[in-house]
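Next up: some structures, all given as structure tokens.
Both complexes below contain subunit A, partnered by subunit B and then by subunit C.
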Partner chain A sequence: MFATLLTLIGRRLLLSILILLLVSVLLFIVLRALPFDPAAMSLPPNATLAEIEAKRLEMGLNLPLPQQYLIWLSHVLHGDFGSSIQFRRGVLGLVTSTLPATIELAVLAMLIASALGLAGGLTLFHVRGTAKEPIMDLGTVVLLSLPEFLWALFLILVVGVALHWLPFTGRIDPNMRLPVTTGFLLIDSWIAGRPDIFKSAVEHLILPSLALGIAFSPAIMRVLRSSLIDVYQEDYIHLARLRGLGEKRILLRHALKNAALPTLSLMGVQFGFLFGGTLLVEVIFSYPGLGNLMVDAVRNADLPIIQAVGLTYCIVVLSINTVVDSLYLILNPKLRLR
Partner chain B sequence: MTIEIERRALLQMLGLGAIGSAAIGVSWPAQAQQADAVTIGWPSDVPSWDPNQRFTPDAQHLYKLVFDQPLDQNPKLELIPHLIKKWEMAPDAKSLKIELRDDVVFHNGIKMTTEDFRYTFFERIKAGHAVDTKNSWRNVADIEIASPTQCVMKFASPVPTAPQWLAFLGSFVVPKKYMEEVGVEKFREKPIGTGPYKLVDYQLNARIILERNEQYWGPKPKLKRVTIEIIKDPSARVAAIQSGQVDLTINVPVREVVRLEREPTLAGEINPITRVMLLQCRNDQGFADQNVRLAAHHAIDKAALSKAFFNNAAVPLSVPVTPGTPGFPADYKFSYDPETAKSLLTKSGFSSSKPAKIKFGSTNGQFPSDYDIARAIQQMWKKVGIDAELETIEYAKYFELNRGGKLPDATLYSWDNATGDPEIFSGYLLNTKMPFSAFKDPAVGDKIGKLFGVTDYQARVQGYKDAVKFAVDYGATIPLLQSVQTVVRKKKLSYEKFGNGWVLANTMSWS
Partner chain C sequence: MPSRPLSFLPTWLRSARVLIGIAIVSAIALCAIFAPQIAPHDPNEQNLLSVFLPPVWMQGGDPAFLLGTDSLGRDVLSRLIFGARVAMLVAVLASFGAMIIGATLAYLAGYFGGRIDALIGRAVDVWMSFPPVILSLILMVGLGIGLRNVILAIVLVDWTRFCRVLRSEVLVIARKDYVAAAGLLGFSHWRTITSEIVPATIPLLITLMSLEMGVAVIVEALLSFIGFSVGAQTPAWGQMIADGRQYIYDSPWNLILPILAIFLAVFGFNILGDGLRRTLDVRVSAQRT
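What follows is the complex of A and B.
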């Protein structure tokens, strides 16, 4: 199995590099095709035409597009994503300083979505064929139709404003300071031996990750329910019953494991969407992550940041897909035979 | 076949989440207020901690807490001494004699001198630092130092507004020695100024924490600690002030101010500031005909716009100048008169059945209710016989579209100027040689351009009063409303109100 896994990861890596190159070409062309002049945007409004032209030459914008791309790509391969128009500092530093916050948020949100998805899927399966089924179905449709930013606003109003239970701005309490080690507050606080900061970071993470998690859970619920229904048509379930196994054991030991496979695939795809969903949620919760940076960059047409963040999203999604495929391989013995 | 799972098992699973959150021990009663501290919900971050780097009006409030400008403005926007004790402009406006205070030290304890002043306004620019001050101070030929407190700014051509620029946007004095020692990158990470507060912590797009500079040369701030929470979403700012997570916030929707001021602990304000909403007009295409431009202006009921979108707080304007600033001609009024609009259009052969067709651009979300205002104007125009095709434009693209002559015939625009000086305000807006004006007719451009060389202050101010009236009568611009700044704060927190909308933590105190 280990060899198969390595082969899969190797293939995935090669494919990922190809996809990344394609995405970088697409991003580059699309952003250059937009009617924005990065040279003019990087200067104040009262800059003269001569100054704008000089800037254009300095930025290499007079060169043919393929040549511009190759120069940019060569810089990227050397770790230089250029300089932000808005912040006038290295883009790589901006991305690496904000990425851990977004990963932390997205991972917790995915855990919440998975937990809710699992619980909801089991409930939906449990009530199928009963009078409660249409009500539960309606409930999931309602959940599906509410986007994450509405959940964000709802949670802020109820939990933050009305009940005063949880904070909804930033990553930790303003009175707390922590030296950056990894950028992941939950890890750094443990490294620093500061459970108070860990607690504060968790409290600040709950509402944004709940908003994301709740929004992405209904799809998991529905796929899990469908998968369970399919699995319960299989002969081995009937055999298990004939052997006298209890329904709880059949569900947890046999059915759930097999029904989890399609759900796992879906979760891989969902994580990509969920990562994208951090954009608005981070703005609403003033959460200093990659999404917040991206929204600012789009607002200010900061092309170097948009390119770098776009590529980062692509890398994260490809990595998650590789992990999910590997897990799929581990969980599904049939695939190892191919 | 229905499969029965034990109800208890299911409930156990569903309960896991609840148990998990209980284990975290959520106990967070949000209250920002402390006796010597304030938490402010601010809509935007600084572009960097190099204050000369990028001109961003919203960041000036924040920079003023850490850095000092050579000159300052009082709440009525009059220029007042600050780091500069005395200044004297030469009659030809080609040199400015300056005397600095001798008791100012940077946060690292090093004394501020004319060396730092020269470095900020001349040497950095010549050294090619990526700073926006390069454009505002491009006319500085040299700064001659006479002593640690005395120097003379020499200009290549007359700069009558140099004193105003010393209190404007990115004109903050930075420490020469420290910046040369650590470099610009490190300076941005650990900035040092002479301002009333020191930066103690900064998280990009999230939070700024400041502590009082106990060595500050000026009036000591009453509050020891200031926390700025960067909250970009207006709804989240409303929630933050309502929940008590912040003590003061700005730029929330007008309707929310009206709602929040009913809360017993909160006070809401809708303050008119030195910012105008106007229509930037072209002088060609659908707006080539002066009658059409003037008809478009007469057709707009500005009072109705103010009532509908700003709770009557936004003052209707006849000129692109705000009341109370030096260049405001109080005796001039441009009437709302749909009948005059119709007759002007008739003169040019247009009517309701044969409307004048124009293109109309508006930002959406750049300033409060912008797109809704544009739609209301579109309807007002329709009633008199102007058919406007409304399109959304990106604010970031405005200058580029203008440079390329691609702006629509009329564009809803917001114009801001903290100094209130007529040249920097209406002069820049209407000067055809500058990138802000869409109206390129020399009849207006020449009139304004000549005023840029006038060195006598009174003559300059009077010149602008006449020029803006001419520009409006010519149909070069359609001013709409004086913008408002909304502020919601805890009732016990007071601050000094500035005519330009500055909200400065060093003027705040608790009662």
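What follows is the complex of A and C.
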């Protein structure tokens, strides 16, 4: 049984790798269609034409595109993403130093989205058929109409500017310094034994992760509600009632477990979107993660960064999807035996 | 539908949601079309003697500027009204474009199945592994900034929303008896798709279009927020938000009002889509679109 499960998961993993390769081809094509000359851009503005030409040869820009792609791919596979045009340092270092910030934000936001989604879904299911249903239903449409960047601005206005409760720029208080160990502030501050920095990091994380979490929760609420409604049509729910089980026990012990599977597979897709949503939230909160790096690179046409960061986003999204799909396989006994 | 007062209307209109949605969307559309007639001021007219005026109901408000003025003394109401033009233009053109591409591929994949389906399915997988925001940013790098390219980027990102949902619907319809009958009668593939399958998917298409228009408004707003959309001379909601954010302490209204405008437009499209989904009886979970 485990062997079949492993094969299924392995197949899923292979598919992800194939998709990632196709993604890299797409990325390469889009960014090569640009009207810029990467060689001229990587040299100082006073470079002579001969120097640019030499650089072009060095960068392999005279080769046919498929060959250029393979060269780029083999560099990438060796961990060489080239060097940034504006920062003049290795792109890989830039990405790995900003990725932890984004992951910290995204994970917290996912927890918030899941908690809100679970609570909201159960509430929506609870009020079905009552006078409250249409109002709550309208509420979810309102929530679905507010994307993360509007929540971000709204929270800044209310909690940050009007109430002065929480900070809304950066990752920690600008006066604090912390040696980088893992890049995750919440972990590093523990290692360094600095509860003050931990507190500051948490305070800075609350508003951005809340903006993301709230924006991505209504989809989860709705799917949980409709899966619960589907599950309640099943015979075993009636049977449980006939056996005299309490409604609460039926909901939490029997129905929720079965309704969780479709919800889980939606959450995979949602979390992929959520990870992309960090970009704007980071820009709005001046939060130094991948998103700010990306927008900065786009403004300055820093191609090596755009390529690497674009690929990083895809790798994270594909990993989330693979993990969620594997969880789905592990948790779903119907698929397991095939 | 218990709402008897609406029983004189055709079935698909007989829902408070659809009516509210149509009311909001047409109000915004009217603003967009008749902006020069409705707007009290030229949206770009600067009035440096009265900058950061609050809306008229606040202390210090000026009845000449109902919703106040921005950092350059431009009338916020007029800019909001003109901003509706960009939003509606993008909503209509981008969702139409995305529908054309997505629906065509979905019909091909669902009808022919096999290799064509696998190929299109793989393409959707590749697209879906990009978070939409990231893919649209990358496309903007490739295409260059400007409103036309914003529309193009939305089309190139969002066709998958139509393709995924519609494909599974087409799969079901293509296996129905009347479609098989069309094949037996010697209908060409083209005729079977256009006269048998497409009509059956129209309710779903309309619903998806409505939801996609809301998405397009959001994407345009966020791209103009980062400065990749219209130029400085054209008022757009996202740009107004970017301006308002810089002067958040001087005048929060400059930030709140465009946020409300975007919310209202998106809510209008969503509630319309949600209502149509119910009255047209199509099974789309909003989150999967």
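The rule we apply is simple: the second predicted complex is superposed on the first by the 315 of 338 C-alpha atoms of A that agree within 3 Å, B and C clash if a C-alpha of one lies under 4 Å from a C-alpha of the other, contacts with A are read in each partner's own complex, and residues count from 1 in each chain.
As a working rule, a residue touches a chain if its C-beta (ideal position, glycine included) is under 8 Å from a C-beta of that chain, and two chains touch if they have at least 3 such contacts.
Every value quoted in this text rests on a predicted model; they were computed, and no experiment measured them.
Visitor: Quick check on the superposition: with subunit A as the shared anchor, is it clash or fit for subunit B versus subunit C?
Guide: clash
Visitor: Quick check on the superposed pair: does A:Gly183 touch subunit B, subunit C, both, or neither? Answer first, second, both or neither.
Guide: neither
Visitor: Once chain A of both complexes is superposed, is A:Pro174 in touch with subunit B (first), subunit C (second), both, or neither?
Guide: first
Visitor: For A:Val283, using the defined touch cut-off, is the partner it touches subunit B, subunit C, both, or neither? Pick first, second, both or neither.
Guide: both
Visitor: Should A:Lys248 be classified as contacting the first partner (subunit B), the second (subunit C), both, or neither?
Guide: first
Visitor: Taking the superposition on A as described, I'd like to know which of subunit B and subunit C A:Leu153 touches: first, second, both or neither.
Guide: So A:Leu153 meets both subunit B and subunit C here.
Visitor: Have a look at where A:Gly139 lands relative to subunit B and subunit C in the superposition and call it first, second, both or neither.
Guide: neither
Visitor: When the complexes are fitted on the C-alpha atoms of A, one of 42-50, 78-86, 150-158 or 168-176 in subunit C overlaps subunit B. Which is it?
Guide: 42-50
Visitor: Can you list the residues of subunit A that meet both subunit B and subunit C?
Guide: The overlap between the subunit B and subunit C interfaces on subunit A comprises residues 35, 153, 156-157, 161, 283-284, 295, 299, 301.
Visitor: Give every residue of subunit A touching subunit B within the complex, in rising order.
Guide: Touch list, subunit A to subunit B: 35-37, 40-41, 43-47, 49, 51, 86-89, 94, 97-98, 112, 115-116, 118-119, 122-123, 125-126, 128-130, 153, 156-157, 160-161, 164-171, 174, 177, 199, 202-203, 206, 232, 247-248, 251, 283-288, 292-293, 295-296, 299-301.
Visitor: Can you name the residues of subunit B that touch subunit A in the complex?
Guide: Within the complex, subunit B contacts subunit A at residues 2-6, 9-10, 13-14, 16-17, 21, 24-26, 28-30, 39, 41, 45, 47-48, 50, 53-55, 130, 132, 135-136, 185, 188, 201, 203-207, 209, 227, 229-233, 235-236, 239-240, 242-246, 394, 396-397, 399-400, 403, 428, 434-436.
Visitor: Which subunit A residues qualify as touching subunit C in the complex?
Guide: Subunit A residues touching subunit C: 15, 19-20, 22-23, 26-27, 30-31, 33-35, 138, 141-142, 144-147, 149-150, 153-154, 156-157, 161-162, 218-220, 222-223, 226, 266, 269-270, 272-273, 275-277, 279-280, 283-284, 294-295, 298-299, 301, 306, 310, 313-314, 317-318, 321.
Visitor: Would you mind writing out the residues of subunit C in touch with subunit A in their complex?
Guide: Touch list, subunit C to subunit A: 17, 122, 125-126, 128-134, 137-142, 144, 214, 218, 221-222, 225-228, 241, 245, 248-249, 252, 255-256, 259, 262-263, 266-267, 270-271, 274, 285-288.
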